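The structure under discussion appears below in the form of structure tokens.
Letters A, B, C and D mark the chains as written, and numbering starts fresh at 1 in each.
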């Protein structure tokens, strides 16, 4: 049987969440990151909702012919991004953040908010590598201190993809 | 955007669980059911472990070129069926049974055990249709009484697939 | 350090759930069962909502000076029974049923519905003893077949309490 | 019916987790914080394991006659702190962190590690107030930026208790 395709998680603020950086920039980065993930033959996993970074990453991946998995917090089909191929309806609320952390081989955080912080922390707790893309210096300093060997910082999409490639190798 | 492919859940005892019917028969039925699910262009969702009905259904689906999703109880890659394309690592133990119930459009139970009973009950609680295939008269009587309109009984794979088609229509 | 008090779970239909027996009778039984649980010095654990069997059992336990724990499906204080001393807000929806099954030393089901069936099945999957009180012959036959050694049937509250005492001994 | 006692969550690294500060100091602080929580008539909620901050806080609370609730990650009684009165066995692994965040009225983090960071982030996501006690400047800066109105910093146990009192008022 052929090897499974790697699953890359992309996390980041939805529009309505508290966040510390302009959302438009993150949406653009997530679109491009989703495209690159699909172009490399990886599966994309996000929180699956039709807002913010998760929606943009899925739309990017679909535009490049990729496959997208959404781990939804709700129990039903409400709020699913149209760009999710495989919606997993957990009904777990924010407890589903840990499924994202466990199921992805590498997590990329685009921007930062409380939910994104939870996912990064849960990934580090599970000893998963994390790439921070366009977060902020406070986030980089804090998470680097928590788990030095697991935390990687990228300034642009190309840098993030290079990190992912290296981590999957 | 094209419509999503329906997700059909197949549930049933693993080898080590308490069960009330010979496992070999269920493994054969699950293999054939998995094949049929793939042949109809549906996605297959199972508990994802490398035993019993879940493993057999996935192997059946792969043999017919299908795509298989496994909702694993554990936090890591141990015990995943080789025939799972997309492993979702929940780390939730049996609480993951509710994700199976919520994420599938229709659930088919092949055989019966405590875990299968939990999945059927959670599906009915979420108002999802369930097809019982080769369970037992006690299960059929009990679950029919709980949720008359949602519970369907099939004697063979063909009958189960006919039910699924009707429910998706 | 003194030994912990045993935790007895009481499960049963809420008013709005599908069920197969008159609810009034179950509410009366749950009230009396809650009283007896408190009188024996055991902690009561229920689903914590302000309806049906879970509410009645908590009110019974409080009337006899007991302590009540509610494992709520929702993420906030809405719908909590006034008779719950310790509300645990899970935000997990029906996935919280497995916490009830794992945390109780013995589970007593009063009446039957899809949610109650899920809790009984999850308890049996976790190898926990279950007492069925005033369910129905179909439920008794089905669950007895699934886990013969773990399933006990009682016709009245006194019988259920005798079973619990024996199982804790 | 009398009002419920407030539930105060205390979170912090276990011994085996990655952390950035000496554990002994945190254990001493947690002991004293647990005592104060009990002395104020509040219920203590922790992760319930027999290590690190969670164990110490429970031992402190018990020494002052308090009641302690443990939200355990595992499915069984292994690893429970002897000082937990009410063990809730979730079987959810780190997904149980969200139950801690939702169930406590106020969360106090003593020290910092990946698991503690996840709990703080999940609490902020649920709009719950958090007090950081003896964490580090990076954590204070990061979390303050995420949720300015919800985040409070204390240098000693007395300061933390003053914050909790104010937040409950």
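Just so we're on the same page, contacts are C-beta pairs under 8 Å (C-beta built on N, C-alpha and C of every residue); 3 or more make two chains touch, one makes a residue touch a chain.
None of the values given here were measured: they were computed from a predicted structure.
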Open item on the list: Applying the document's contact definition, name the chain pair with more C-beta pairs in contact, B-D or C-D.
Closed with: C-D
Task: Centroid distance [mean C-alpha coordinates] between chain D and chain B, Å - done: 40
TODO: Please compute the C-alpha centroid of chain C, do the same for chain D, then give the distance between them in whole Å.
DONE: 29
- [ ] Please set out, as single numbers or ranges, the residues of chain D touching at least two other chains.
- [x] 75, 90-95, 98-99, 126
TODO: If you connect every pair of chains that touch, what shape comes out? Choose line, ring, star, complete or other.
DONE: complete
Task: Complex contacts: residues of chain A adjacent to chain D - done: 17-18, 20, 92-99, 101, 112-115, 117-118, 121-122, 124-126, 136, 138-139, 141-143, 145-147
Open item on the list: Show me the residue ranges of chain C that touch chain D in the complex, using the header's touch definition.
Closed with: 1, 4-5, 7, 43, 62, 69, 71, 75-76, 82-92, 98-99, 102-103, 126
Task: Footprint of chain D on chain B - complex, ascending - done: 75, 90-95
